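Right after this note come the structures.
The same subunit A turns up in both complexes below, where it pairs with subunit B and then with subunit C.
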Partner chain A sequence: MVVLEAKGIKKHFGGVVALADANLICRKGKITGLLGANGSGKSTMSKIISGVYSADGGDIRFKGEQVKYRNPNEAQKNGIAMVFQNLSLVPDLTVWQNIVLGAEEKKRLFLNNEASRIISRNIIDKLLPGLDINRMIYELNPGEMQIVEIAKAVSAKPELLILDEPTAALEQAEVKSLFTYMRSLVEQGVSIIFTSHRLWEVMEICDDIVVFRNGTNAGHIDFETEEKDPEKLIRYITGGIKEIKIEKDRNTLSGNPVLQVHHLSYGGILKDISFELRKGEILGIGGLAGQGQHELMLLLAGNYPKAVCCAELNGKPINLTKPVNAIRNNILLVPGDRQLEGLFLNHPVFTNLIFPKMGLKKQPFITPRKMYKEECERTIARLSIKTDGLDIPVRTLSGGNQQKIVVGKWLPFDVNVLLLADPAKGVDIGAKQDLYAYIIEQVKKERMSVILYASDNQELIEYCDRVLIMYEGRIVSTIEENDINEDRIISASMGIGRTEGERHE
Partner chain B sequence: MNALTNRNNPAVKFYLKYKRIVIAFLLIIFLFILGEVTVSNFLSLGQILLTIKLASFIALFALCQMIVISAGGSGLDLSVGYTATITAVLTASVMDGQNSHLWIAILIALGIGIAVGFANGVLTAYLKLPPLVVTLAMANILQGAINVYTAGANITGKPSPVLRIIAAKSIGIFPNILFLLILVAVIVSLILTKTKLGVILFGTGANETTAYLSGINVKLVRCVAFIISGVLASVIGLLLIGNMGMAFKDMGSNYVMPSIAAAVVGGVSLMGGDGNYVGVILGAIFLQTLTNLLVAMGWGDAGKWLGFGIVLFVLLILYVSNRRSR
Partner chain C sequence: MNKTTEKKQTSSFMNNMVKRPEFSILVILVVMITLTALLQKNFFSIKSIVRNINAFTPLILLTMGQAVVIIAGGIDLSAGPALSLLTCVLTFIMKEGSPVTGVYALVITFAAAVLLGIINGIGIGYLRIPPVIATFATSFMWLGTALFIRPTPGGETVNWFNAFYSFRSLENVPQVIRTIGDIIPPALVLVLLGCFFWYILSRTRTGRYIYAVGSSLESAYESGIDTALVQTSAYIINSVFIFLTALFFVGQNQSGDARLGDPLTLRAIAAAVVGGIALSGGKGSVFFAIVGALILSFVNKIIFFADIPYAFQTLVGGVIVIGAIASSRFYTIYNQKVRKKESSLI
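After this line comes the complex of A and B, so read on.
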């Protein structure tokens, strides 16, 4: 029996199409897996069903009736609950207070805390028996928080439960007990939509799987009738495109190591990372979103003083505990969030471009304005930045030109290692080409070394000489030049690449 | 119409760049005209010069605020008036009306300023305590110290004649403090626009993450901003005793709120990263003119504070809505 049917759903954000024409069907008492690469629209779909976003087109039928929720509360009252990736718990309340928050048990005018505790304990006992419901949320680890989040959603007794990557923060054992609980919910007639990037999880728990690609349905596998075939799933996710081999007309791999990193760790985010970057090489960093790639780039730029990092630049040990150390060694970062990390939006183009010089000791006290102006003009010409002079605020520039300013800041430096954190994100195609054209030329002519993290695999395929795949803070796979293709990157990204990779090699 | 909307028109360009200064200037003119209409003899050269003289201390204290606010991190220095007072109180007997001991007074002033500023800076920048609370506590500690000191013995001594000349005397009709203020304004403006200090200060205030990733020691910059504020406040204390001819225990505290108000009226963004000292001076003159007007209309001290409060509210609302509309 069909509980939910979403048909022809369309949604765009600004000029970006998140869902072009997507369909999803959930049956009563079944677990439907929702799969897709980053940006394929699966999160958007979940959020439309649960009332976070409203669709631009298409219709949703829940229990046979056409519905259009204006907010998640309305959806919850109707029996659709969603567990979000970013946690929405109140840190200073206890576990049970969070679970019943907004739906507390009452005895006439007063709260009935005893009843609330019993309800919470019943759910938690099934999900994670060891967890004390009187503990404060801020005392919990991320996995326990995720469990409480799920308990909170379940306490509303939904008929349809949407779990958006619930296992990302969980340990293996917690995943097992979550799966057991999901099965018991399903036996009670609850339907579940489950998204995860880990293929084996999806194959273990789901009754059927819907794959999204570029905002539309790319495939559907019903495990009741079809066999569990990971290769087929990957083909659906990537589209099975035979990649066009791009001639990388560069004499790579011959260079000496420029940067060597040994056993780098940071908190629980980066774990035991070692690699080397050769001269004149573009080293790609790939993987699913949020596996520590941004943190790795920030760490190499000296942003985390407490990180454990043993690194050598051209054979000499360097200390990456402060950004200024990295800059003095000409390890230069183009950060992932240009507005928050790379620019002074209200300040003029001129100050933005000259700012990195200010931290250098050799910078003269009085700013040599004329000299810097000429330098800025050269940068603007070199990167074809479209701006109405040097004195207008950077915020008035387009996204692509803003990104060029962030790169342009480093042009006067004698780059040893350029760290690019997703430089083409939110950048129009023209600016993207200008940026990469500049980088490729610097690599070719000046033998500049680049570490490029790109969320778009196509960029890794097109520009990189080697690609490291990160998963949960580790480098799980290294793809050499001749092997770089969409299938290899995707399968390595999803955590099944390791075994597969070993089989190939 | 076309000329007014054209961004390349020099007048329009000037207005867009110095919008808040222009607004502050127009407000002052408006107040003088209002004063001339409602109270006779309000608009005269003598009156204007007197206003500027009285405003100059607000403007000097507002420089402390501007530097701390510009460095970002919701910076604010509520201890400036008390730092000035304690310096004045402690140096009065040292100077004892003689020039010969002025250098000791200056050393004491520097010592107090650095100590207070360093404490404020370390507590806010390195220990990440809110500047509002830290500097308020500092203000209370200093006031307590002043009270203890003045309770034990009467404050004796007079400022050195040099300080009297700078802060209280005039050349013809022009008060000397006006020349000092102009000199300070020129130096500050040059430092903020032509040297790397200005670029670093405003950059740190505008976006600390960007500044940090560009190799700037953000905590140090903010700590130094507080030290500069402390030293300036302490030196202003010397000028204050020079102006008044003696030291007393509440001499600086009344300047704290007006100094913040002047910075806001003068267009210093409370978010940090933006500010112009000429605007701040105009802000101080505006507030002084407002005080004069309210006093002339018979509203007295209550009216002055009421006026300050209302002006602050109105301008903050205007600036915030301006930022939202972007």
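After this line comes the complex of A and C, so read on.
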């Protein structure tokens, strides 16, 4: 029996199309897997069904009736509950208080805490028996919080439960008990939509799988009639192989290592990372979103004083505990969130371009404006930044030109290592080509070394000499230049090709 | 076997008590009381205890109200002027010699107090004005209105209004009640009334939601809580405490004063912080805020009795308050570190 049917759903954010024409069907008492690469539209779909977003087109039928929710509350009252990736727990209340929050048991005017505790304990006992429901949320680890979040959604007794990557923060044992619980819910007639980036999980728990690519349906596998074939799923996700290769200058790679990193770890986010970067190399960092790539970039630029890090630059050990140390060693970062981390939005182009120099030693006491102005003009010309003079605030520029300024501010430096954290995010194609053309020119001419993290695999394939794939804070595989293609990157990103033993770590 | 487990339980209870951040605040209070008792003769006599209660009551009540607002993620910079305004309204309505005007005054002033809370709540909850700015603005509205009603301190009250301060000057009251009033001052009753009011509230949804909203506005909203309504309720609850304070002051002074509350606003906020209420919201207990108010009040007494030159009194008071806040903060951080170590050992 079909519980939910979403047909021809369309959604765009500004000019970006998130869903072009997407369909999804859920059957009663079944677990439907929703798969797709980053930005394929699966999160958008979940949020439209649960009332967070409203669709631009198409219609949704729930229990046979056409529905259109204005907010998540309406959906919840109707029997659709979603567990969000960004958690909606209140940190200063206890576990049980959070589970019943907004729907407390009452005895006349007063709260019936005993009844609320019993409800919470019943759910938690099945999900994570060891968890004390009287603990405060801020004391829990991310995995426990995720479990509480799920318990909160289940306490509303939904008929359709949407789990958006619930396992990302969970340990192996917790995943197992979550799966057991999901199966018991399904037996009671609850339908579940389950998204995850880990293929093996999806194949283990789901009854059928819908794959999205670029906002449309790319494929569908029903495990009751078809066999579980990971190769087929990956083909659906990537859409076959597209070979676009630019000519890379191979003989540059014989150079000496510029940067060597040994056994670097930080909190629980980065674990035992070692690699070396050769002179004139573009080293790619790939993998699913949020596996520690951003943190690795920030760490190499000296932003985490407490990290355990042993790094050598040109054979000499360097200390990466302060951003200024990295800058003085010419390890320069183009951060991922340029508006927050890379620019002074309200300050003029001029200030933004010369600011990094202020951190250097041997600065003249009075800023030589005239000299700097000329330097800025040269930078603007070289990167073809479209700006109405040096004195207009950076926020008035387009995203692409803003990014060029973030790169351009390092131009006067004698770059050793350039760290690029997703430089093409939110940048139009013209500006993106300008940027990469400039970077590749620098690599070839000045023998600059680059570490490039890109969320778009195509950029890694086009520009990188080697790609490191990160998964849960580790480097899980290194793809050498001749093997770099979409298939290899995706299967390495999703943890496929690793043995059973590794998974259970 | 049984005995050992019992022993374990009591020791773990003691351990838990000691590890709570409130513990350090209690220790500071005990130190303050001891110091005051050493400096002041007859500290434990009934007369001086009653005098102390009367002196501490306004700050205690205002601190409790302020604590509710801060827990809900806000702050009330208009509490002092609101207090002044309410005393002015009370004395404006009452006519000496006509006891029934006292009842009118009570009802109308209570309505006015709730209205002040609603205005603050609308600005913060519904119009999304940051609490500091919203209440800073309304503080001038309250002050302006109070000055309009009563440009200079004064006004008249009905005789029975004295009962909010003391039963001594009441007419037609048997001696027994006067004696009881000497031992259990009305001020204490007002504080207990405030405590009871909050105790009831804390067992309702509103009480729970005040913590939820202060801890994370977005999460509370996503859980289906009407956050604007909860914020408004917090300001109305605060108004009730301000109203009780106004009753006490009018009972004591027999007059209204448009500048009476000005110095009390920031003292109440400081007292709440000393009492473990986090300015970031969602953390702390309204009852422990009382301890904060007591500490701040004892600091004043100690400075007074310690013969510190007048010029230094403010400075010393400030240093002691900072010390109290810092020590409880360090204590909390230390405990967190210990807990982390323990959990990593497991």
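We take it that the second predicted complex is superposed on the first by the 491 of 505 C-alpha atoms of A that agree within 3 Å, B and C clash if a C-alpha of one lies under 4 Å from a C-alpha of the other, contacts with A are read in each partner's own complex, and residues count from 1 in each chain.
The rule is short, and it goes like this: a residue touches a chain if its C-beta (ideal position, glycine included) is under 8 Å from a C-beta of that chain, and two chains touch if they have at least 3 such contacts.
Remember, predicted model here, so these are calculated numbers, not experimental data.
Chemist: Check the residue A:169 against both partner chains and state whether it touches subunit B (first), subunit C (second), both, or neither.
Modeler: In the superposition, A:169 contacts neither subunit B nor subunit C.
Chemist: Is A:97 in contact with subunit B, with subunit C, with both, or with neither (first, second, both, neither)?
Modeler: In the superposition, A:97 touches subunit C alone.
Chemist: Mind working out whether A:335 is in touch with subunit B, subunit C, both or neither, as first, second, both or neither?
Modeler: It touches subunit B, and subunit C stays clear.
Chemist: Under the stated touch criterion, which partner chain does A:110 make contact with: subunit B (first), subunit C (second), both, or neither?
Modeler: After superposition on chain A, A:110 lies in contact with subunit C alone.
Chemist: Looking at subunit A, does subunit B or subunit C touch a larger number of its residues?
Modeler: Touched residues of subunit A are more numerous for B.
Chemist: Is A:17 touching the first partner subunit B, the second partner subunit C, both, or neither of them?
Modeler: Touch status of A:17: no partner.
Chemist: With the two complexes superposed on chain A, say which partner A:345 touches: subunit B (first), subunit C (second), both, or neither.
Modeler: First partner only, subunit B.
Chemist: Between subunit B (first) and subunit C (second), which, if any, makes contact with A:390: first, second, both or neither?
Modeler: In the superposition, A:390 contacts neither subunit B nor subunit C.
Chemist: If you stack the two complexes on chain A, which partner ends up touching A:324: first (subunit B), second (subunit C), both, or neither?
Modeler: In the superposition, A:324 touches subunit B alone.
Chemist: Across the two complexes, what residues of subunit A are contacted by subunit B and by subunit C?
Modeler: Common to the two interfaces on subunit A: nothing.
Chemist: Would you pull the subunit A residues touching subunit C in the complex into a rising list?
Modeler: These residues of subunit A touch subunit C: 72-73, 76, 84, 87-93, 97, 101-104, 106, 109-111, 152.
Chemist: How about subunit B: which of its residues touch subunit A in the complex?
Modeler: Touch residues, subunit B against subunit A: 194-197, 199-200, 202-203, 206-207, 209-217, 273-274, 326.
Chemist: Per the contact definition, I'd like the list of subunit C residues that touch subunit A in the complex.
Modeler: Those residues of subunit C that touch subunit A are 203-205, 208, 211-212, 214-216, 218-220, 222-225, 282-283.
Chemist: What residues of subunit A sit close enough to touch subunit B in their complex?
Modeler: Those residues of subunit A that touch subunit B are 298, 301, 303, 322-324, 326-328, 333, 335, 340-347, 351, 354-356, 358-360, 363-367, 369, 395, 409.
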